[in-house]
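First comes the structure, then the notes that go with it.
Chain lettering (A, B, C and D) follows the sequence in which the chains are written, and residue indices restart at 1 in each chain.
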Amino acid sequence: MATHHFHPTRYFNVIGTAEPCLHLADGDTLVTDTVDASGLDAHDVAVAERPNPMTGPFFIEGAEPGDTLTVRIDRLTPSRATGWTMSPLAFTVLDPAAIPDRPAMQRAVWEIGGNTGTVRLRDAPKGLEDFTPPLQPMIGCFGVAPARGQAFSTATSAQNGGNMDYRLFAPGTTAWFPVSAPGALFYLGDGHACQGDGEIVGTGIETSFEMEVTFHVLKRTILWPRGETMEDIFTVGNARPLDQALQHATTEMVRWLGEDYGLDARAASHLMGQVVCYDVGNVFNPAFTVGCRIAKRWLRPV
Amino acid sequence: MATHHFHPTRYFNVIGTAEPCLHLADGDTLVTDTVDASGLDAHDVAVAERPNPMTGPFFIEGAEPGDTLTVRIDRLTPSRATGWTMSPLAFTVLDPAAIPDRPAMQRAVWEIGGNTGTVRLRDAPKGLEDFTPPLQPMIGCFGVAPARGQAFSTATSAQNGGNMDYRLFAPGTTAWFPVSAPGALFYLGDGHACQGDGEIVGTGIETSFEMEVTFHVLKRTILWPRGETMEDIFTVGNARPLDQALQHATTEMVRWLGEDYGLDARAASHLMGQVVCYDVGNVFNPAFTVGCRIAKRWLRPV
Amino acid sequence: MATHHFHPTRYFNVIGTAEPCLHLADGDTLVTDTVDASGLDAHDVAVAERPNPMTGPFFIEGAEPGDTLTVRIDRLTPSRATGWTMSPLAFTVLDPAAIPDRPAMQRAVWEIGGNTGTVRLRDAPKGLEDFTPPLQPMIGCFGVAPARGQAFSTATSAQNGGNMDYRLFAPGTTAWFPVSAPGALFYLGDGHACQGDGEIVGTGIETSFEMEVTFHVLKRTILWPRGETMEDIFTVGNARPLDQALQHATTEMVRWLGEDYGLDARAASHLMGQVVCYDVGNVFNPAFTVGCRIAKRWLRPV
Amino acid sequence: MATHHFHPTRYFNVIGTAEPCLHLADGDTLVTDTVDASGLDAHDVAVAERPNPMTGPFFIEGAEPGDTLTVRIDRLTPSRATGWTMSPLAFTVLDPAAIPDRPAMQRAVWEIGGNTGTVRLRDAPKGLEDFTPPLQPMIGCFGVAPARGQAFSTATSAQNGGNMDYRLFAPGTTAWFPVSAPGALFYLGDGHACQGDGEIVGTGIETSFEMEVTFHVLKRTILWPRGETMEDIFTVGNARPLDQALQHATTEMVRWLGEDYGLDARAASHLMGQVVCYDVGNVFNPAFTVGCRIAKRWLRPV
């Protein structure tokens, strides 16, 4: 149950098989630095290239193909006082006929937190002078090496995780990933100080972080990422269109309800039909992300 | 500001142009009965045919094409002690490869409320013996006559509303519809005692209701349904795939933020990028429904 | 086996239930005028409104709900010397990121045929001075009243046909429609002098026509439009996205191969797997159209 | 302009960066063996694993990132007397409601060619006794290393090519791929003796081949695969849903018409609007494939 501090000197724009930067044991905690989506570090210095440079890969001892790696997000601390977003809305969320009237793309800077627990847009336009949404740190991109020696850009996501940009990947959440390579080969980065559903401007508030996570290996097999918060369990599907992402997440939830809660397909449907929630993680990246979520209050582990 | 009580004797399976059953003034309240999705009334007697037989159409004086009809949902009272659902999960939410293992379709009966404020599955399968989700009444299908003399089945939805199956259409919500015919020609029905996101078993808990709603005419034009709750404003897109429904809803929200809150496209994107929420109304009907929602706490009317 | 000549004085922008303009017997032939998609007649005079004003509805004696109406397209003769198209490419066929560079919409005029059998763009831009594609007349929009008293805009299409914009609906083709209303209530119009796959500029070469078609009633039930040319049989699906349109067409073809050619699902898959062809009818309208086509040389009627 | 004969001893299930098996010069011809989609060689011996084991990678001298590699398909000779397919139709092409009635998956064997130029199903079911479609060899999966060190399963396709299963990749066609790695790193395999549009049974007639191809390097940049036959030029998009694949292919064609044929966006739309053809390559793999095709008779190189 050691805690490891790691300061990266090399970053990755694909999630695949590479030389591990550090080995950790099952149960260990990692404290590490991540740069923002464009490669800016805590000093606003460009140290890596787009998109979403990753810290890693971390080799978790005992993780074998077919296992599950759980990653408890203990703490996400922004490591500089500003972050940035893009505007306007992404092509993917507008009626195509509205695209020609879209203003030009611009980068905006946000001031982060301090002791206010909020973020604030610098040079806010008319109507947003008082707009101070909460500081809600989350991990935009993290995951493990995909199956069969594949390697995917950190712009996208798949069964192995990746650039899901799902706001539930926040402190207090434990994320689950299906292991396909010995040691899992875990990467993380692309932290956001805040983000609405869907990442519909193509970014959250992008900034550098110190991230603290704790690993465990489960000797069980999952097909898509899963997660757990204080209140909920959830599954994640990554695909286009949103319909297919939702199908992956829903089908994975049916499996989970069978495995851990003793519900067959019919019972699962009765429960999900009345209490399921769907979240749109991102509707911007090459693969869209949908979360299928159920409150634990409705569940009885068997 | 009269209150009208109306007991239907005739029901409609399309939303279009038909002889009004009642005329009401701007500001009036309607108390009326609705049958369930299969046409069963408060006595469990079949009085109408599938799908989703509607009560109406109601002619609202002063509503002209190009106006907006707002419908405040004052009260939804189930008028019998049971409702029904289908199982298992719909084809639309499962990975196609999982469909062959899907059990046969079955109808289930739920006991509704009384003074417990919950619903309960009769003959609950293993694992659901204690499953008593809250009674959360909502309107599955309502809307106004569509443009150009069109007439749409109550199985589906479009810009005029219809079978959206969106759980936010609940007591306390005011729904907005774009008027295309003189008098708007409003229909309602298909009440649910409870429903999760997406209506993923193809039904909510279907039952008959006494519904109370209040009408107002706004001399302004909208393109897609909108709504307002105590906490939120929201817009609704109806289309396939989910991506397109989300585009309609998002684009309508951008229009609303410009009209009423003084935000241009760039300012709207800064706000929505950090605080927008998306809801999956239904992912079952011929047109899927997505809600785009923003908390009023972030908005300043101009 | 009479031939009826009909000159419309009234046009329709929805396909639904309306007073028939003419009754014809099973086996009769109709010769009638149609105006172009914007309502211009043979004299370039605006006599009807957008979109796609229809001639009809024609009541075919003996056609009952559950039957099939076949419409042999005998002749499509342009009734004026010009047609028009729009440019540039539609939003639906471009990568969204390419839309901002799209030039403004413009209407262009084409000279039609004479005895050359070609069409020619008036004021052709650089590179198209010699571009004279063949005159290939087709029907953009035709069909019968939909089920349950619905009525659909002539901008879109569904199981009853409508605005399919599929280039195989040309002279020599017999189209099949599922009958849902007594007399079928057949409408036609929106002729094109030429059109590529997909109707990707949002129009074909739109012009007025004299159309000649012959009706027969089949006492059999189909779910989606079908058709037959000299070489091929085909089925048509209308939906979004293209994937779903293709699923409807493919599933209807499997039914047809079973009904008329004695192939069970497995045999149909062996045949279709090697020789099926897919056509993109339109990828522009609210519902997209996909044709599933098989050469008759591979088929043995039973 | 040498001809190289290469007999593989190692196969790849991902297309990415690996040690080249052979270096060839610009203009050289390669004659090599490929195994079928399941890894069976010319002797029906399993020598590699699913899916679609590739021969390669071949390093083409002079090919640099940003260049284009053209691959002329000179000859595809089946190297054994049988191939195999699966039945019934894939989940992706059926209405979901039709899936429960789908028969179980089965493998079928086809006899290939000899001097008849046809293929024949062994143990043909009723109705297919005389079904002998033509031997039409094609390459199911080929392409070059993707950008940024990514590596993709041979089950899918992307901008770098891959498992496109497009029947136009046949003898006489020259395929173009965007080069992202020094030497391009070209892979090929997954030959089909025949296949309909869409690869709708999930396979073509899968068999081993001797393939002969000739390479050239073009000092120009493309974004998606392109191709040329005697009659046509075409572009290829790979994505889900089909709509997006079609958008990629169409947008790439607009670029090509500008680069080589002097047509601006408006002129390109006038031409494409009347004469474009769309082909459905596959509607089965993780990424679907659409071809956008134009007959050369309509084009004048500038």
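General remarks:
Here is the rule we go by: contacts are C-beta pairs under 8 Å (C-beta built on N, C-alpha and C of every residue); 3 or more make two chains touch, one makes a residue touch a chain.
Please read all numbers here as calculations on a predicted model, not as lab measurements.
Chains that touch both chain B and chain C are the following: A, D.
Counted by C-beta pairs in contact, the busier of A-D and B-D is A-D.
Rounded to whole angstrom, the centroid-to-centroid distance between chain B and chain D, based on C-alpha atoms, equals 47 Å. Distance between chain centres (mean CA atoms), chain A to chain B: 32 Å. Measuring from the averaged C-alpha position of chain A to that of chain D gives a distance of 35 Å. The multi-chain contact residues of chain B, meaning those touching 2 or more other chains, are 92, 96, 102, 240-241. By the touch rule above, chain A contacts chain C in their complex via residues 91-92, 96-97, 99-100, 102, 241.
Residues 85, 87-89, 92-96, 98, 101-103, 106, 108, 119, 121, 124-128, 130-131, 133, 194-201, 203-205, 240-243, 246-248, 250-251, 254, 261-280, 283, 288, 298, 300, 302 of chain B touch chain A in their complex.
Chain contact summary for the complex, chain C toward chain B: residues 13-14, 16, 147-153, 239-241, 244.
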